[in-house]
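See below for the structure under consideration.
Every chain is named by a letter (A, B and C) in the order it is written, and numbering of its residues begins at 1.
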Amino acid sequence: MIPFVGGGARNIVDWLADELVARGHEVEKVMLPFSDEPNDLFPQLAAFRSIDLTDAVDLAICIRPPAYFVKHPRKVVWFIHHLRTYYDLWESEFRLMQDTAIARSRRDALRRADTAALGEASRIFVNSQVVGDRLARFNGIESTVLYPPLPADYAASSKPAGDSITYVSRLDLTKRQHLLVEALALTTTEVRLVLAGKAAGGGYGVYLKEHAANLGVSERVTVDDRWVSDEEKSDLIAGSLAVAYLPVDEDSYGYPSLEAARAQRPVLTTTDSGGVLELVRDGVNGRVVEPTAEALAAAMDELFTNREQTALMGRALADSTVELGISWDTVIEGLLS
Amino acid sequence: MKILVFTPVGKQSAIAKVTRMVIDELVAAGHEVDVVSTQKTRPADRDVRPEFTGFVDWQEIPEVNMLRAHADLIWHQVGNNYDFHAGNVRWLPETRGVVSLHDYYLGGLLWGWAADNHRDQAVDAVNVWYGRSIDWLRDIGLPHKLQAATWPKYTYSEWLVSAADAVIVHSDLALSKVLAATGGPVEVLPLPYEAPVDHSATDPDIGEKYGRKTVLTFGGINENKAADVVIRAIAANPATRDALEYRLVGSIAEDMRSNLTSLADIMGVRLTIVGQVTDERLSAELANADLVCCLRIPSLESASATAIESMLWSKPTIVANTGFYSSLPDDAVFKVSLDHVADEVEVLLDAFAAGTLESAERSERARRYAESTFVAGSYAQRLVALAETSYLHLAESDIVRRYTEYLGEWGVSDSTTVGPELDDILALFR
Amino acid sequence: MKVLVANNMAPFMWGGAEELAVTLVDRIRRRGHEAELLRLPFRWDPVEDILGQMLAIRSLELPNTDRLIALKFPVYLLRHEHKSMWLLHQFRQAYDLYDAGMSPMHDSVRGDELREAIARADGQSFHEAHAVYTNSPTTSDRLWHYNEVPSDVLRPPLNDPELFGGGRSDGYIFAGGRVTGAKRQLLLIEAMAHASSKVKLVIAGPPESYRDPAALKKKIEELGLQDRVHLDLRLLSRREVGEYANRSLACAYIPFDEDSLGYVAMEAAEAGKAIITTTDSGGVRGMVQPGNNGWIADPTPQSLGAAMSAATASPAKTRKMGQASREYWRGMNITWDYTLDRLLS
């Protein structure tokens, strides 16, 4: 973990620990600091490797890299991502270093080590098929999908469905809230748009508001550029018509999708959103359209017009989460098996 | 590949010349090469070898960092003179890479570094590698005294060589020390060398011989060139004294100059001390020479540029049978044994003076040997191959190096307690 | 400011040091900073594994962190530009316990080399540190003796002083804290046999082992003290401890030769109660001025009995001594404010 950076990746550890404790197990959380500086990569891996939990615990559940380098005869990995700069992001602008022979050699050494360390695990789970495929492709390792659920104390609100498509998530280019603003400008119904969440870098929130103004849809768009509490989130989603979640190629379906399912609201997403497509199927429990303003607009209008169908899809989404086994019981049964 | 080389670039640097030759071969093979000058003081444009256009100075930190981030291969040309290799000391620990070690003994480099405001780091390096009992800085007055006191037991090269991913040396001398200090591959390669040989070169300042034969010693004239041994050898026999003149060409310290001049005067030896010269003048001196005396006692360099040059000029060459010189064919040069240097040099010079030294075929063999051995083409190839081999073990290298650093700081010289654990970690990367 | 507090961790072990670390993090947050607790696994057995773990910890990086406060060996080997230490004790196996013949390093073939490496690694970290604090003069003395490192004493404050507000006395002497041989509750019971019949004693705290309660009960029966000694041997809540202290007449704390002041004594003083201790108790003596705010008896049943009788005989005087106890304690300024001022400077 990186000190003082909270959020999704840490939540899963805390929630899992709570669920294990609730089921009567003794749990210790081992959080180890890690820096992504390439020159420090291998000495840090060596440091993690020195941690031997044999005899200290019965089972070691390892989550983020390079946690799974620790030593234990019963090591179970719930793999949620690689050190992606050395894997699928090697050929992208997110690579942290130049593509030189030396860097490639480091990359290859890391992949070998990851494969070896993961190979020691007694079970390997992943949080989505997308990640599982990547693990197979790069490390030749087979895995079982264990979908991460919402925390037990997540309380869904209950309200009648409203008129807005709601997107509760960080305001960010990769989440593409702007695309929805553009879509809204092309809709023919009175459907509205609510965008709530903190903009990571200052400008995007402002940009969204300006964009809406330029397109003449300010009155139908609410941009709430701030951190939203769980309760408010739950409330917004409950009062929505449907939930939008259309990040660019994300690994997992994202907690917003689960929050939508809890509130029995369908999810509007796009064909290139990644892991969310493992949960959402077009016309069944949500809408999956091309990532264009036109396609999104059409879908938004349909959701608005065919209320019954929208409600049905919302309930179907809730059912889907059950069908897919998105529950802590499933997770813990899997991890402890 | 993009290759970044850290090297001296000055006209008077023999190593810069080697760099130039190898770069030409690398470029011919399709690689891109960038140069960082490692000379302590940035040389004036007129003092830089003309082929080195657009080099970056080692003190331009952002530029060097930019270059190294993009490099597929980093190559360090390392020698014992801090004035020429300050940049290597600064950058090698960070950049790592392939090191061409031109001198086995780097005490002078360490000394120069210490004197350049890095005394504490130098002492640390010495402590880590040689144990706490050696505080050489306290005992030493001058670099050559350090050398006399400690060579060959302590080469003082480990502190720098340990940062290399791979090492190229140019002879077997003290190879074991290098092997002990680095985990990467080590290879012995003949030093690339070329010299424009113009037997008709002349210079008006070289006076008339008046029938004497010329013995030449050239290069930086310091104590280990054993000029005094040559003077005494010439002086031993009156006939030899009359038949020979001895010329010393190359930079020389004032006290050395006056000592040798006095010695020659007393001994009745005709001595001319020329001092530092241009390449053209050196060619003229070589053309003028009838025999080259290339003694190095002790022998510190990885390979001797002056011996190679002498051979390329097909001059009869006298060497001490040690280090690099031992690797030269016995029938190409005149080897004298370390135990009897003075006597054997005397015998050779007497014969030479008397005209009974059979040297024509020998010199011809020397020339052919030098021309075919000290070439840059295979050197360049091997450089790249060595780098690639070392990359297979970068991860292990990163870890071992880091752990060694910490263990050194904690005074643990024997790392066997962490051996098994380290093996377990390293096994993951294979 | 982002402050990382670092401590060792042995899975499922939790003691005073762990409590202190958690409290420290909480207190730093209350000041308005971001704080996190870093717990690094460390196994000191077998001895041969120690050097490798030292190297591992030294190889870790701490991105996105402004300050590091490290509490123990080997966690304080972590590299950071602004590292402070608040040592509860050194790695005593390598130092005073080794000298006393009580260290597992004696049995290890490379024990001497390891001790040497530890001493040098310690020296390196101490010199790198921005500031070195210890929890007691004894720890500081040892640090100076073995490593020639100067350090300042920063005694750990009470975590919850608000629970020790004091109050009217119900007339008993309260002996709190862990129940174990070294804390000598047994001696207090023996002392009751030499004290006046008006003296009442309450012993409340978690027993170290199952043998301790049995031994105490047996002694009480032997001496027929069932009416005058009340045992409450379990892990009490902090509130319960507070109540016992607040309603006591005076507090007794007589451990054998402890470095620190002792939370029991600190709590007593905070609650405004006179303190009974013995000449060989160690740090707690620093809290007591005999005659003014408490008693320092000889470690014998007779002497302790006399002190307990004296306390019980004049409740008004004892109450006044209690007030003096609180004032003296307050004057020592062992508070979280002061502690954080130093640690975060």
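As a convention for this text, contacts are C-beta pairs under 8 Å (C-beta built on N, C-alpha and C of every residue); 3 or more make two chains touch, one makes a residue touch a chain.
Keep in mind that what you see is a predicted model, and the values were worked out from it rather than measured.
Visitor: Just grab the chain with the largest centre-to-centre distance to subunit C, centres being mean Cα coordinates.
Guide: Taking each chain's C-alpha mean as its centre, the farthest from subunit C is B.
Visitor: When you take the mean of every protein CA atom shown, which chain's own CA mean is nearest to it?
Guide: Smallest offset from the overall C-alpha mean is found for A.
Visitor: Between subunit B and subunit C, tell me the centre distance in angstrom, where each centre is the average of that chain's C-alpha atoms.
Guide: 64
Visitor: Taking each chain's centre as the mean position of its Cα atoms, how many Å separate subunit A from subunit B?
Guide: Chain centres of subunit A and subunit B, defined by C-alpha means, are spaced 60 Å apart.
Visitor: Between subunit A and subunit C, what is the gap in Å from one C-alpha centre to the other?
Guide: It comes to 46 Å between the two C-alpha centres.
Visitor: Subunit B: which residues touch two or more other chains?
Guide: In subunit B, residues 402-403, 421-422 touch at least two other chains, as defined above.
Visitor: Mark out which residues of subunit C touch at least two other chains, giving numbers and ranges.
Guide: 49, 52, 55, 59 - these are the residues of subunit C that touch more than one other chain.
Visitor: Enumerate the residues of subunit A that touch no fewer than two other chains.
Guide: 43, 46, 49-50
Visitor: Sort out for me which residues of subunit B touch subunit C in the complex.
Guide: Residue positions touching the partner: 402-403, 406-407, 409-412, 414, 417-418, 421-422.
Visitor: What residues on subunit A touch subunit B, complex-wise?
Guide: 39, 41-43, 45-46, 49-50, 69, 97-98, 100-102, 105-106, 109-110, 112-113, 116-117
Visitor: Show which residues of subunit C lie in contact with subunit B when the two form their complex.
Guide: Answer in residue numbers: 48-49, 51-52, 54-55, 58-59, 110, 113-114, 116-117, 120-121, 124.
Visitor: Touching subunit C in the complex: which residues of subunit A?
Guide: 2-5, 26, 28, 30-37, 40, 43-44, 46-53, 56-57
Visitor: Using the touch rule from the top, collect the residues of subunit B that touch subunit A in their complex.
Guide: It is residues 1-2, 69-74, 387-388, 391-392, 394-396, 398-399, 402-403, 421-422, 424-425, 427-430 of subunit B that touch subunit A.
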